[in-house]
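Presented sequentially are two complexes of subunit A, the first with subunit B as partner and the second with subunit C.
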Partner chain A sequence: MSATEPAGPALEDASNPQDGVQTRKQLTKAERRELQERQRAAKAAATASNPSNKSQNQKTPQSQSNKQPKKDPTSVAGPSGSSATATSGKKPTPKPGRDADKIAPGAGGMDKGDKIADLETQRRHQTRIFAHFASPKQDAQIGAGIKGEIHPTIVRLGRQFADMKIVGANARCIAMLVAFKAVIQDYVTPPNQTLARDLTQYLSPQISYLVSARPMAVSMGNAIRELKYHISVVSIDVPEQDAKDHLCEQIDTYISHRIVLADSVIEEYAMPKIQNGAVIMTFARSSVVERVLISAWSRGKRFSVKVVDSAPLSEGRKMLSALLKAGIPCTYLLVNGIGSLISTVSLVFLGAHAINSNGSVYSRAGTALVAMLAKEHSVPVLVLSETYKYSNNLQLDSFTKNELAALSDTLQPPNGQGHLLSQSSLQIINPLYDLTPHTHITVLVTEVGLIPPSAISTLAGLRDKDKGLQLAV
Partner chain B sequence: MPEIKDKGILRQVETLTSKLRRRQLAGAQESAIETTLLIKYIVAHAKFATIHELIAIIKAAGRRLVEAQPKEHTVGNVVRRILRLIREEWAASVNKPVDEGDQPMTTEDSQTETGEMSTQSSPRSSTLSVGEQTPLMTPATPRPVVSDSQYSLSNFVLHGRPHREATDFASVYAATIQESSTTPKKSAQSIRPALISAIEEVMDELETVFETVSSSAKDHIHSDEIVLTLGMSRTVEAFLKKAALDRKFTALVAEAAPSFSGHQLAQSLASSGINTILIPDSAVYAVMSRVNKVILGAHAILANGGVYAVAGSILAAHAAQTHRTPVVFCAGQFKLSPLWNVYHTYGSLDFANPAHILGFQEGKLMDQVDVLNPAYDYVPPELINVFITNDGDIPPASMNRLVKETYDNEDYQL
Partner chain C sequence: MAHKETTGSKFDIIAAYKSFVNDPDISMPVAAMQSLSELIAQTEVATMFELMEAVKDAATRLKRHYSHNSVSLSAGCDVFYQFISSLRDFGQDFEGFKSHIIAAVREYAQNTKQVKDTIANHVDAFIQDDSVILTHGYSRVVVNALLMAHNKGRRISVYVTETRPRGLGIKTHEILTAKGIPCTIILDSAVAYTMEKVDIVMVGCEAVVESGGIVNAIGSCQIAMLAHAFHKPVHVLAESYKWTRLFPLSQYDLPTHNDHILSFDLVSTPPTSGTNSPLPGTPRRHHPVLRTSDTMPSLLFTATSVPKVPPQPSFSSSMSNVMPINQAGRNPEVDYTPPEYITLLFTDAGILTPEGISSYLVTMSLRSES
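So, the complex of A and B:
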């Protein structure tokens, strides 16, 4: 089936790895015929550069078969409209309403997502400054080209990452480590191999699979480095099950020491900074900040919180619910509104995805705006972060490394205005992270103390005396 | 309104007032155009014996309109502008037959200080109206003859001090009329056509503001530049589209949640073939390192050179300053207001519907939470590099001078 496909643009080939990962047997004769029919119809209707075509080919029979009959008539009519747009940018306004109708709202989020991703990739070449950003992955692309058996826990985790069901540096790291525990327990050392050498190799494709779902978080990377170290020092004499149990224990210790207990210590350091009557501003959702605020309230401190939220992920809502549940009086607003009330704020708490060696904080997009405005108004900015998020990378701006969010669940125009993607000159970019330079930050609160951001590289020099190991690499 | 006796005019004023109050009429340019039409109607149909009466009628109408919608500053601006034009026309018509040196003329003196909100407490606000003749005189003090096109230091020294004596407008005009008793008596009604044509000029300016603002677009935007804008402004839209005729550049549009007006602009620019990238508001700092220029639209320009602009503009302006990126505001001069922002605390003068942020479908949450949806931000003049207006490019520091040239002191408080 796939062999008969001509070597078209890259997106058409993407359907091949999809078939590769799920075995050929799953394509029944009827489904293969269906696939062929669709491809023939799509090619007949439009030129090769047509984006809608690609989305047709992209769809796999397994997941989309029930939606295909509805899709066919709409996509065949649709291409002629959008191809006109694609080929000549100077054409007068190409009736966006029409294409909006064609992308039928009832066709399901996944279809829309695929279509959007294809259009998106098509247009990406136009403005290249974002070209190196990691883009969101569709079904077909997770695990594309990865050789080796992927443990089902990892497959599920990859899916959860790609769908943004698990977000946040701590959450992703913990989820990954827990999944690795399952992987390690199920692992069997092949004959003539040692666990110490082979397990690392066995884990590699699993890690690559997760990375293909979403780029590696700094927290995850640091945890993996630690795990690999522990694997490498497993003695050859130790029986396999004992070695595996030991490794799982190390993982538990890592989670408990570097994340959970670290959070408690950070809580203790941050607590005296919260005065009664304080007005605290926070951005999006940080697990540490949430924990500190709820704990301070339960200890009897009385303050109010301003939760600032923003697209693309609107994580502030989760923060808001958690704080309200604890009984904390909150104000909710979007990031554009902070100019109006920054002068009433006494303290800003922010979370971090990673801390760079020059003290700049890599965190959710929008954090830099909040920190910057607070600094302008002389409001102290406290970044709460565990030391395991420290990274030796030194980024100069938010472009060196960043990630884009998927389009289908973001940038929802109000009142169902037609979809925006009927224009070929229009791209939608949702960076997920930004870099806050250390000048915008007052102090970094970690489990080893309060550190001024310019002195953050002292973390690299910390040594864990028991293990003779660097605490953060 | 005791000043307005004419029922027709009253009715017109009431219609526009209610439209403004209910925000059926919204938007800077529309409000300005409607107000101009109303004033034109008043000038065409009002019955007045002296020009003073006409000015009082227009001021009363303007007061009503501004009270109905204080957030639409262009309404008041247009009224003030037209009042200034009326006085100029009147002065021009009165002084035309008398142009010898007999008639002492001075530069305009500052009136008594008006309300705290409207004027800067400037001790010296002598306006030098180059090339214009003003008939105002304080009868008591003899003045030297001043050439109206030359600036004289002695004149400045003589008249630069604050004047405590109240200059009663009516008596001045009465004096003017008496003075010119030798010349054929000019009736106020006779300049009506001249006033109408002056108002029509204002109307033309308002209707063509987008074209005139964008006339210099290609000089401001270079090839392969990346410009950032926020939300929807028709002035900025016209500006970028005009530039796109000569230059190839990329426009980054921040969506301006929760109104998402940026979507509209992005779609419009993309349909003109401009490379457009739509980004969420949170990404403004992230992309700033690659942005060459920040181009924003203004809701109102204040007398100190500050701006009321769509919420989020202060963030873009600060981020631009951090990266040493120029910040440019495109606005027609009809947005220039003699107001000052004294109360910086709540910079936003208007709040939009909070349900757009947290709506009724979030029932449980919504009950316990204060939701804020500020509509505007105040951007201080230190963050602004230049204003691109229909009358040229102006630095924020010159805005004060422009206010003096466009409006009369006594009109600051309508």
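So, the complex of A and C:
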């Protein structure tokens, strides 16, 4: 059951990213623009005839009106779609919200929230050069146009991802795998099908649903690849329940070996590098770093930590409270303060979202700043990461691949800056990730030991060759 | 200083090591391997597990005994351990297992000259006619390579640093001049002065570490950094048994470092203003340690180990040209040269860049684990 119900055939293209992208690719730019104008006109007409559709512009998370997604043609469904919308966005084309404004002036106009939300739409599609960054999804857009049964656990997980309730490569991967176990257990092989072939297809829309909530994490992608491999080798003779149990066991093993146990081994390797009296700097929140620091403290090592944090997610606060609870003396600072403190730091511990094939680290935005500054001051930078986060990607900058955080978090109205949001010439960019070049990293602490970043590709090649897996880009 | 084992068996690993290391052709890691192999030959245990434990035990004792200079020795022990744990085809044949190891190590020790020749052949193309080479201390591999080039008729001249405090550069000088290669000893502090006249820097090492850097006699890091500044290539010659999975983050992260090295004497009255001492609870990075006593590890720097150098004419007679013993004890014996200052490593496994070392080590260790 799809989560959204398009209002009418005219809007189907826009609210149906998958089909829409395919169709769009075949149209030229001019044709796309034309299509869009038609859609906008149709929507304006629909709004005129149905004033209750004004509620579509409100940014309510529990929005019941899934009928007309707020950001219809402007939602970043794909590069071809966005460039078309962006070009047309530059012209002062009336937006659906503004239409509603004109149509129902007696209703007191739109309230400030509406106006901000609406401008956010406009602004977002003005940021053309960042159009390829995925942006946070509204309720109505999760799972838009995905055909197939979506398991309720997956629906809930998608919501949690979109609301940033579950963040972090490890957390998201584990949550996804646990959800998949439920999905697999509830799965019934259709007649005349084999589990080995059908289950993968059954899982595809589930995965697409999660991706529509938030772009796939590298850790999640690697885990899915592993799962699909295990599904594909299930023998036809194995009874269904046994096969399902076996797959759930494989999932448990993956989590246990590649994440949980790997973290224990990383702890052992990182431990000798923490001397008594050390001053350790860390950024935002990494589950591995947090674990290593708390473990070192409980083993009697005495050191202090400087937790560096940044807006808008302020994940460092979670790290800070966990460390303080363990009794570790901490200093909390924002990323703009690191310059003053770096000369007192003996060691920098960082986490990672993904490690690329050339040894560069893709991690929370701000990590690269900390690593760069540390390197300049000859402070060793240790990136703690399990090997399952390896990606065969070759990324040279933070620009080609990234994700945007929700706009409203950056300029909070309570700070009194809300009026800035109404400026049409203001563009707001809030990337969630950045890339740290391998030259700024001293050592990668993985479960196979301390390795220089340049050696990670050898390692990954070996590991997967043993299993006969091909690493997809 | 022979101490009896606590495990009950009568094998004395330290004494065995000492007997093997006396051979001038045998380096520390190979002597370590030979002594461990001797342990296996003489052991009374009957299971694989007990044997591995005995080997691990002996290796730890050896390393601890030579902790001030144990990096190459550690490397040798680790290579040996990895070698025996990777032997799979013996199953229940315990005696066969033991004799295979013993034979392998014996062959290894006999082939050290061959290994050095392999390396010399690799580096041959890089020693050009009429070139000036700078080297540090005494490395058998380097001397072998230089002699080989010389014997092929190439005209080379060599600068060698004095390499205080052990003065091993003087030994290199003796050997090279005896064979007819022009060689001059330069002060350790004259390397910057000399560097522009040098074509290549060629050094051996105690160990190659995971980062692709090396651990070598103190002074190597300085030479490498200067060579880097002057754009001269730094070539390291290293046998593959010297490779270790250590990863030092800095000089003070080496296993040979301890609190006594680079520490300060606590003079008569402690500083009252507290400007130099750290406030409690605010540790500073690399803050020097204040020591209240002059105790130093017993093996470092006895009076006899400081070599006698020819008296320098310009010094006044009242001033000694050797630092006081208690100061000498605060100095390190080896340093770590980071991979960014090393151009190429010449090994019996081939010619590798510093980045390639780790790939090789990772491959080797994964293979032995599986």
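Note that in this section the second predicted complex is superposed on the first by the 332 of 473 C-alpha atoms of A that agree within 3 Å, B and C clash if a C-alpha of one lies under 4 Å from a C-alpha of the other, contacts with A are read in each partner's own complex, and residues count from 1 in each chain.
Rule of thumb we're sticking to: contacts are C-beta pairs under 8 Å (C-beta built on N, C-alpha and C of every residue); 3 or more make two chains touch, one makes a residue touch a chain.
Keep in mind it's a predicted model, so treat the numbers as computed, not measured.
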First, second, both or neither for A:A354, with subunit B first and subunit C second: neither
First, second, both or neither for A:L177, with subunit B first and subunit C second: neither
Partner, of subunit C and subunit B, that touches more residues belonging to subunit A: B
Subunit B versus subunit C as contact partner of A:P452, first or second or both or neither: second
Partner chain in contact with A:S343 - subunit B first, subunit C second, else both or neither: both
Which of subunit B and subunit C A:C330 touches, first, second, both or neither: first
First (subunit B), second (subunit C), both or neither touched by A:L320: first
Touching partner for A:G366 - first (subunit B), second (subunit C), both, neither: first
Partner chain(s) touched by A:P380 [first = subunit B, second = subunit C, both, neither]: second
Which of subunit B and subunit C A:I428 touches, first, second, both or neither: first
Touching both subunit C and subunit B, counted on subunit A across the two superposed complexes: 329, 343-344
Subunit A to subunit C touching residues, read off their complex: 273, 277-279, 303-304, 329, 343-347, 378-380, 382, 442-443, 448-452, 454-455, 458-459, 462-463, 466
Footprint of subunit A on subunit C - complex, ascending: 210-212, 245, 247, 249-250, 253, 281-287, 339, 355, 358-359, 362-363, 365-366, 370
Parts of subunit B lying in touch with subunit A, wherever the complex brings them together: 226, 250, 255-260, 263, 266-267, 269-271, 273-287, 289-290, 310-315, 318-319, 322, 344-348, 356-358, 362, 365, 368-374, 377-378
Subunit A residues within the subunit B interface of the complex: 89-90, 92-94, 96, 126-127, 129-130, 310-312, 317, 320-321, 324, 329-341, 343-344, 364-366, 368-369, 372-373, 376, 396-399, 402, 410-411, 413-414, 417, 420, 423-431, 433-437
